[in-house]
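The two complexes that follow have chain A in common; it is paired with chain B in the first and with chain C in the second.
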Partner chain A sequence: MVKKLKFSLLVFTSLAATIFLASTSLYAASKKITITGSTTVLPIAQRAAEAYMDIHKDISISVRGGGSGVGIAALIDGRADIADASRPIKTKELKTAREKGINPYANIVAKDGIAVVVHPDNPVNVLSLEELKKIYTGEITSWKEVGGLSKPIVVISRDFASGTFEVFKKLVLGGAKVKDRALMLASNKAVATTVTTTPDAIGYIGLGYLSDNVKALKINEVMPTNETVNDDSYKLARPLFMYTNGKPKGLIKSFIDFVLSLEGQKIIEEAGFVPVK
Partner chain B sequence: MKEKLFKYVTTLAALCSIIFLFGIIFSIFKEGYPIFREVGLFKFLGGKSWHPTHYPPDFGILSLIVGSIVVTIGALIVSIPLGVGSAIYIAELAHPRIKEILKPLVELLAGVPSVIYGLFGMAFLSPFIRELFDIPTGLNALTASIILGIMVVPIISSISEDAITSVPKDIREASYALGANKWETIIRVVLPSAKSGVIAGVVLGFGRAIGETMVVLMVSGGAAIIPKTILEPVRPMTSAIAAEMGETIMGSSHLHALFGIAIVLFIITLVLNMTTELVIKKRMTK
Partner chain C sequence: MEGRIVKLSINKKGGNIVKGRTVLAILVILSAISIPRMLGAEETKLSMTLWNRGTVKRESGQYTERYFSLERGYLRIEPKFTDKIKGRFNLDFFSDDDALDGAGIKLKYAYLDFKELIPIPESKVTVGLIKSYFGTIYDWNYITIQKALEDKEKVISSTDYGIALYGYIPQGYGEYAISVLNGEGYKKTGGDVNLNPAYQANIRLIPIPGVTIGGSIRYEDVSFDPDTTISNLVYAGVGHIVVGPLELWGEYLVKDLEEIRSQGFMAMPIVKLKKLTFLDVDLVGRYDVWDKNIDVDDDGHSRITGGLNWNILRNAKNRPLIMLQANWERTMYEEEGKNSEDLYLIQLRWSFSTKIK
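And then the complex of A and B:
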């Protein structure tokens, strides 16, 4: 009996606590920024938010991942103030947004170069965009055809819906389908780890995920670096966005300005991305 | 008064879970139903090509269904002998002191977060499998099956062990009295009496394996093909949902297709659960 009572007491207190917490968070909402979206932009948003909150003690920023689509949907529904996205907003999303009276505004906060990587022991150093396309569509299946060993190429791609895949599809595949046998992995980390442990693999990852465990290839003779991404000589790069409802104002403007400031852009470089300023 | 209050609280809790269940069913059907109209039931279930973000998209999930079934059956092949074997050992053969250590250890396996299994599979097992079979990649159905199998062992083991322990002592004694030795008694008498419990464990294990997401996402390779051998990569339904849901556009056909996959997954587990429940009930009333 006592046990039962204790248990119901526990249930009640936890309920009460939840209600209390929920109400306080509503109360504090005026000084709060909610950021949701792309997992690629997540580390930027997170670090920037932490640094920003260190300066502005009275403001709380909540940062969540979920993906570009989730972020944009949250912005449209008014559940987020800033939507992180690793791709531009789609026409369909823009239409829904307009219908709901939301006017998504693109703030480009950083650039992300996509590095094509192979195992460090792979003798291949350079690929042309054309060869890369043929590898990913399945026309080239052996490393021999691009100047390597006579081994089958293990093609690794990011998942169909990821922003990185979308950019890769647009810039490399140009409307062609990625071959069915390609391994579709869920994250940059997963691709990097798999390339590290698979001698015949080829994959692509964000510049920030490069390490000594993988070898980045020159594409059309250009090495992916911050400089080549920024001067557009390296072709596999994309802008990263923080979408806001209309041009940023007030609190949100102050945060976006911080991200674009010298300090913010330094954070971006530390997170492995290419600063835009 | 307090008793009554407690009754209401618990009734409320029970009601909540029913509401949640129906809410989930309703929402996945509502979101998933449009894809059957857009693509057609047979093209959706029987189509072999899954290119959801291509233009025009292909929404055929046959390879995903096959992927799920392959890794699940693989997992059961790994886990049934290990799970039932360890259950027999713990329940019948182990010294009480060993039993005391072994039982919680096996159950501890169930408490390891799936992402840790996934990491293990990705960083250690898959390179090992790749070298062992001399194949291009270790991210394939076999690696996923082994890891899933290990995850399912504690479920099958602990439920089977309960079932075996609850077999009445007199049945065993009768068996010994007839001259059977320990081995014969376990295989011919105890296990058949505990059958419904063992089957229940296997079914739960099946549900766990087919529903497991993180591990398959990390180690199955994710290629949407119908594998010719178990050494080829697969893309189970759960990993397709998990990997693609986050980045997809709300309200798009792709999203409907992912919910469509959820419906298929839901129906598979529901049908399996119901049939086994019927089978077990029938056996018990016999």
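And then the complex of A and C:
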């Protein structure tokens, strides 16, 4: 009898411990927001999270990069509440998400231009989309062919996991292959830093990463600015997303609403991106 | 207790065969890696997944087998030629008692995908030694160590020679596939290969997030000798439900070989503990029933499986890189006097990959 009681007690304790662990993790989740994804959207998410946590002291927001694909995968697997993405979700990802009971919902929080950048000492100021395509596919290999010095062009691209790369490939390359000898880098910051230190380099980065250390080129005679992205005259532009599981609710809605509020959109502008409101 | 013995003694002739096969394997791998490059592949993904398994079999109260094996060793070479053309070449290395050196190699996949070759959005045409888009076999993830029902009962082979049109239904509402296949899998070659085509269709619908329903059908004429041809119709219904940490797979499978009907089903519940606790462990259960001929009383069996999967390491996209699986499996036979069999399986699955640009 005593043995039976001990056994029952053990079972009950185990069950109680499991329920406790489950409930504490769920409770913890209710006070925490996890954001993962695009390195382009990362500065927006970071600044917005800091401002939001200043107002809501009891809320903890964790923000990570990794790329749009990584963020969407995290949303699908329930590891992230918000997936930052610099490209729309793919049908394959949407199918996988729905299979797993996730219903990705696109919240457009900003617009971004992809700025084509060179070293500040480079005399070239303007390129056409066609010239840009030829540089990235390897048809044009010297700056001389586009009005610059007789020096080889060092082509720098984002890597294949990047949403920025996918948008650039679609808008500039029309699906063509990037030249074999291009340097493929993992983040906007890495591209900006490499262009800063490589006089003959060309790269592309989100508007938020522009600084005095690099020179943005006009594309088809249009300079990438908030105004030209907003009025659609600059062609290398795209919306930036924060994907959520269904229409945002509760704490997630509160954060997304903050990003879309006047204060949030001001943060977006300060970060170098184009507000949508 | 008897153990499975891997013969390592090799005579001179056997040694030459082994050397020849090793050289051939190396040549095939090198070609598979270098040819895409020569053809101008944009990138080539190389990956390998190894399945190290320990098996203990118990029958009639006696342990009858106990062995370790490399059950599968998939070397995948996936060249991406353009955004619209990709290839996949998969070699399987495995432990094989019948081979002189204890190791076998077989070609598992060898196909090219042509995206939007025909003007249907989000579609691709797949040609070669391709996946068989049927039931649960084409996306079977080995949540239990055992194969998918149709594979285990040798109703459908996971790979077959042929051509398929595969596509996604817009907005993530599912997928479809239409295939014309050889219908015999990938193990036969030369004159043994069946020349009667098998026609196959598959659809999966996701009407609401977390609920998937689907069905597959295959029809072929089968020749056992030049004068005799009989029909073979196979169909399956598939269901998959996900609610929070709980998941349930179900499949109903029927094969009509002329007038002989075989049928069965599989149900597989999964509990993902990670969604409830800090443990990245899935608890899995499975129940299979298969009756080879429904008009015969004693040729059926059922199989119950219980186990867990511990995801030790995952990659950035949350795919398991190292997983430890432990399964207990009992097969019970309809035949009177035939005792049930127990299998105790432990398996370490581990993967690595890289991209060559």
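Basically, the second predicted complex is superposed on the first by the 250 of 277 C-alpha atoms of A that agree within 3 Å, B and C clash if a C-alpha of one lies under 4 Å from a C-alpha of the other, contacts with A are read in each partner's own complex, and residues count from 1 in each chain.
We take it that a residue touches a chain if its C-beta (ideal position, glycine included) is under 8 Å from a C-beta of that chain, and two chains touch if they have at least 3 such contacts.
In this text, all values refer to a predicted model and were calculated from it rather than measured experimentally.
Enquirer: Should the pairing of chain B and chain C on chain A count as a clash or a fit in the superposition?
Expert: Aligned on chain A, chain C clashes with chain B.
Enquirer: For A:Arg79 in the superposed arrangement: first (chain B), second (chain C), both or neither?
Expert: A:Arg79: touches chain C, not chain B.
Enquirer: Taking the superposition on A as described, I'd like to know which of chain B and chain C A:Lys95 touches: first, second, both or neither.
Expert: second
Enquirer: Touching A:Met184 in the superposition: chain B (first), chain C (second), both, neither?
Expert: Both: A:Met184 reaches chain B and chain C.
Enquirer: Of chain B and chain C, which one touches more of chain A's residues?
Expert: Of chain B and chain C, more residues of chain A lie in contact with B.
Enquirer: Which of the two partners, first being chain B and second being chain C, lies in contact with A:Pro152: first, second, both, or neither?
Expert: In the superposed model, A:Pro152 contacts chain B only, not chain C.
Enquirer: Mind working out whether A:Leu207 is in touch with chain B, chain C, both or neither, as first, second, both or neither?
Expert: neither
Enquirer: May I ask you to decide whether A:Asn103 touches chain B, chain C, both, or neither, giving the answer as first, second, both or neither?
Expert: Only chain C is touched by A:Asn103; chain B is not.
Enquirer: Quick one: is A:Gly69 in contact with chain B, with chain C, with both, or with neither? Answer first, second, both or neither.
Expert: both
Enquirer: After lining up the shared chain so the two structures overlap, which partner does A:Phe160 touch, if you call chain B first and chain C second: first, second, both or neither?
Expert: Once the two structures are laid over each other on A, A:Phe160 reaches both partners.
Enquirer: First (chain B), second (chain C), both or neither: which does A:Val259 touch?
Expert: Once the two structures are laid over each other on A, A:Val259 reaches no partner at all.
Enquirer: Going by the overlay, flag which of 3-11, 57-65, 75-83 or 201-209 in chain C ends up clashing with chain B.
Expert: Here chain C runs into chain B along 75-83, and the other listed stretches stay clear.
Enquirer: Using the superposition on chain A as set up above, list the residues of chain A that contact both chain B and chain C.
Expert: In chain A, residues 66-67, 69-70, 73, 92-93, 96, 160, 169, 175, 177-178, 180, 184 are touched by chain B and also by chain C.
Enquirer: Please give the residue numbers of chain A that touch chain C in the complex, ascending.
Expert: Touch residues, chain A against chain C: 18, 21-22, 25, 66-67, 69-70, 73-74, 77-79, 91-103, 160, 169, 175, 177-178, 180, 184.
Enquirer: Can you list the residues on chain A that touch chain B in the complex?
Expert: 4-5, 8, 11, 38-39, 65-70, 72-73, 76, 90, 92-93, 96, 151-152, 154, 159-163, 165-166, 169, 175, 177-178, 180-186, 190, 193-194, 197-198, 200-201
Enquirer: Tell me, which parts of chain C touch chain A in their complex?
Expert: Residues 40, 42-43, 82-84, 122, 168-175, 206, 209-210, 212, 240, 242-244, 275-278, 316-318, 355, 357.
Enquirer: Spell out the part of chain B that touches chain A in their complex, as residue ranges.
Expert: By the definition above, chain B touches chain A via 2, 5-6, 9, 49-55, 122-123, 126-127, 130, 136-139, 217-218, 221-225, 233, 235, 239, 242-252, 254.
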